[in-house]
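Paired with subunit B in one complex and with subunit C in the other, subunit A is shared by the two complexes that follow.
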Partner chain A sequence: MAPSSATSPAGNRSGVQLSNTKTTVEFRAALVAMAIVALIPLGVSNPYWLGVLIVSMYFAILAGAWNLLAGYTGQFSLAPATFAMIGAYTTGLLNHYFGVPPLLGIVAAVVVSGLVGLLLGRAVLRLVGPYLALTTLSFAEIMRLVASNSIDITRGDLGLGVAGLLDSRIGWYYLFLGALVVLLILFYMLLRSKAGLFLQAIRDDEVAARRAGVNVVFWKTTAFAISAAASGFAGALYAHFAELVTPELGLIGQTGLIVSMTVIGGMGTLAGPVVAAFLVYVLSEWLRDVGGYQLVVFAALVVIFARFFREGLWGLARAAVQRWGRA
Partner chain B sequence: MTLLSVRGVSKRFGGLVAVNNVSFDVAASELVGLIGPNGSGKTTLLNILSGLADPDGGEILLDNVPCQGLTPERLAHRGVMRMFQLTRVFRRMNVIDNLLVAGRALGLGADEALARAHALISELRLDVIRHLDAGQLSGGQMKLLEFGVCFMVPPRIALLDEPFAAVHPTMKEIMGDFIRARHEKGQTFILVSHDMPVVVELCPRAVCMNAGDVIIDATTREVLNDPRVIEAYLGGQAA
Partner chain C sequence: MSGIDVDLAVNGLITGVFYALMAIGLSLIFGILKIVNFAHGEFYMVGAYAYTLIALALGVPVWIALPLAFVVGALLGWLTERTLMRPLYAGYTSWGLMRDEYAVIVTFGLSLFLINFVDKVIGPYAYRGPPLVETSRVVLGPVLISGHRLLAAGIAIAVIAVTAALIKWSFWGQQIRAVSQNRLGASLAGIDTAKASVIVFMLSGGLAAFAGALLSPVINASPDVGIFPAIKSYIIVVLGGMGSVPGAIIASLFLGVIESFGAVYISFQYRDAFGLILLMLFLLFRPQGLFGEKGREV
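Presenting the complex of A and B:
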């Protein structure tokens, strides 16, 4: 007979904390990083660099959302940028054709991208590894081509003009930062709940998870829907920031950046991908002069990190702290 | 009272008949050894009983209710818990979390699951390694952990596939003691093992399979002395 919670030894309580310690440490590190990001405008007022950081935060949300799916649930989808594009077009089309206000459009974007994610997640439920990657890549290209070729509706590559939300770049900066922090808190709460246990169990061994009684169909589909909804939210926010939606949001190169950020930061860690999003995007701006070669640089970094540093920058930082602690 | 009833269950893989019209009953609180040489169909039968494979024919009743075709997760919720021959644990999760997955999925609250996990960790002597990721454990420790997962919520029936294979004698003893104690309290088991001394010691009854067929279902002593069993294990010349 299991002892009741009332009679649990004191050590059990500490066990709760210890079994979640990794996630809590990562969450706190992410919050510290976000606090530093919050202070940057005190020293940086150049609109160009503020814009770069705003786009970094857009990618940080996408990297965090993709990390939930790939890093924590083991579903290697290649459509994160596509869900951002779906979110952007949802609010963009609603605003452009029906005058729906941006805030309502953003809510609609979350719902629509989440529902599309739910359907895609259900469709690819039994696919793993390269089959899942190739199927979601096909979905991504189909969606981008539909957006690009539906010129009568989306204006194709000319782009769809949408209303802005804020006038001040600083306002946008803190709106994106607030959105990123809220999503970090939500992801942290999710990972500390039983849902987090189930998602990681599915990642490690789907058959063992089913044996343990985990409803794999429900949780895999739910992870897909949450990740897609968060990506759609980022896309919708970006649409009103840029005041323009184009099919370029769904380019495979955008997904490449998101994957690079996540792998370099540390897949399956809460803080790594978010922090790496800033590093990779700022680096990509510095490498803008070399044009298409920037993706070659990131691809090389991904290969190096995937081969030699599986836990990414987060793992390297943790190892350094442990060495320092022992010294 | 019959807990599990296997009636005429068959499974083919192309031209190979892995399980051929197998029938037997397991009473509540019984500990049944399922033995047979390699390739006799034991693991395939456990796959069918735990929902990982669909039978081509026959019927499986749990508490007199048909349960063939149910998914492993639904069977887990109905009290069928399976330990695999090739260890399956969540390698990037620590020992406590490995246990909590089963506890939470099977309906325990957070505090109750944690208390239960700590009790099992103590009983299986996994205390020292409880915060290590399962991937860092030795093969024997992983087996012990997977064994524990099966008992996070006491199952109606535990299907243990080779729990003692390639395990240190101390851990074998821990599992043996655990099985014995739970059996005395009324836990039902089907135990697949090639370790005959352990089967003789733990299981009052054994079912022996060979080439997909049940060749004898009797007391373990009778089974091990049966010429058909000796022939199945040692080949035709021994008969």
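Presenting the complex of A and C:
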């Protein structure tokens, strides 16, 4: 890539480079964080804490996927946990009734949740802000009610037992980590390409983006489908990890956690939500032992960050680095 | 119409009256700020707790505890407006054009906070509020109804009537409607839009808390008790047209009756899903609702 603005006079081109540089810095930071996570099992062998980290990675995938939709495209869906539930039930039902092996079931889960996301994304195309939030919220509640009331098929709130995939917890740890890193790379490649600019242009001003020739319908729907497919993938992996699928995966509270992680980490930044997922979930397990104030603390943090620090922890960290660099 | 149908209709209408108490506030907020308050159900929950705890723990008579619950809800509404909503129109968020998204996140976060705060401070156990009267059953022809529910419905109708009259004829009510119609025009005409917004939030919080207080002997207050009434109010404001108060009242009664019949004649398990499906269909195909003005452009 051509070095800085001294050699490139074109205003709009430097805008492109700026955006790419920002994404690249965030991507590198995320990879460094993942490298640290990869080293944790060398020092921690307690299966409980490994389990906590595995669930953190599940949430990191969901937060990353929701961030792509909300943070980069500006579509505030309140149904990310629902797509995880759909993915989990896809592989769960296939496995339970037809004996489909988990790996095939996970692929099916990605396809099914991606398709459902495509349809929902297409349906809500014209809705913005509160209308979009309400529509996706009712979609989420309807899906949860269906899963918990179709007792003959899903065994309702009791949950559906599904086959496991790996025996060792360390194996699961690196499987989830691998999945997370692969998704991060895919998101990075997407955001660095023209598509990433299209998505952010739609977020910043949909009408202007359309005037500039961006196929708004295509990219909004695609972002919805990709986000849903990634969430469904996480849900399907989780189903085989927990060996149980319940409607609880789609609770509003789960969406609340995903939103909290994204907002605290920094919406519209590649690294923020993923790193925050670890911080929030591990801290919440620790706070649970201390007195169970975890959800109070995180909900308060969401409000405070949304109100005062829109760019979240990532924005705060960047500001601190800049100040330190200047001094 | 047989006896049971009359009973279902009357009970559905009464449920609708309580829905209306919730939905009016939500609709007013939408009218004035063009946002959906996702913490609306938590005002209801706080009202139920305020009434129950004031009456039971402090031994205050129920007739004083009831208006106090309204006051608690109004104070919470005031605090919410001042700390979180004012940036929406005073222009000091960092969210720029994404004010809708800011409102979704911040009210959703407030909802999570209030649920979990009450859960930790008061506890996850359900509290049953003291009824206003002890009469257990009143029989009116084919209609069977508890004394408390009948009295509570009467009070709710009175409160709704007063609220509707205030919005229609009072000085502040007219100002609120002016701001809903055209914020810039209203401020040019010398209306204090910030004050109008504070009043709407206090009224909205107070009414929702009042609904929670009235129903607390029936619903058994618990931290997550507000979630379903809130979802019902979203359905109602969408059906009635976002921002329309008469629309909200009519849609509330309509939903109450539909649910009452649907639960008996169609499916009890899926009674909560009907309204949600209706909500989705309306948002997708008729976002201005049954009575709202068509004006929304993307």
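Criterion: the second predicted complex is superposed on the first by the 302 of 327 C-alpha atoms of A that agree within 3 Å, B and C clash if a C-alpha of one lies under 4 Å from a C-alpha of the other, contacts with A are read in each partner's own complex, and residues count from 1 in each chain.
Here, contacts are C-beta pairs under 8 Å (C-beta built on N, C-alpha and C of every residue); 3 or more make two chains touch, one makes a residue touch a chain.
Here the structure is a predicted model, which means the values were calculated and not measured.
In the superposed model, A:Ala320 lies in contact with neither subunit B nor subunit C. Of the two partner chains, both subunit B and subunit C are touched by A:Asp204. Comparing subunit B with subunit C, the partner in contact with more residues of subunit A is C. Of the two partner chains, subunit C is the only one that A:Ala299 touches; subunit B does not reach it. Judged by the touch definition given at the top, the superposed model places A:Ile36 against neither subunit B nor subunit C. Residue contacts after overlaying the shared chain place A:Val259 against subunit C, while subunit B stays out of touching range. In the superposed model, A:Val214 makes contact with subunit B only, not with subunit C.
In the superposition on chain A, contact of A:Ile185 is made with neither subunit B nor subunit C. Within the superposed three-chain model, A:Phe139 lies in touch with subunit C and out of touch with subunit B [touch as defined at top]. Within subunit A, the residues touching subunit B in one complex and subunit C in the other are 203-205.
Partner subunit A is touched in their complex by these residues of subunit C: 30, 34-36, 38, 83-84, 87, 93-95, 97-98, 100-106, 108-110, 112-113, 115-117, 119-120, 227, 231, 234-235, 238, 269-270, 272-273, 276-277, 279-280, 283-284, 287, 296, 298. Within the complex formed with subunit B, the subunit A residues making contact are 2-5, 7-9, 11-12, 15-16, 18-19, 194, 197-198, 200-201, 203-205, 207-216, 268. Contact residues of subunit B toward subunit A in the complex are 50-52, 71-73, 76-77, 81-82, 84, 88-94, 96-97, 100-102, 104-106, 108-112, 114-119, 130-131, 146, 149, 152.
Contact residues on subunit A toward subunit C in their complex (touch as defined above): 70, 74, 76, 78, 123-124, 126-131, 133-135, 137-139, 141-142, 145-146, 149, 203-206, 252-253, 256, 259-260, 263, 292-293, 295-296, 298-300, 302-303, 306-307, 310-311.
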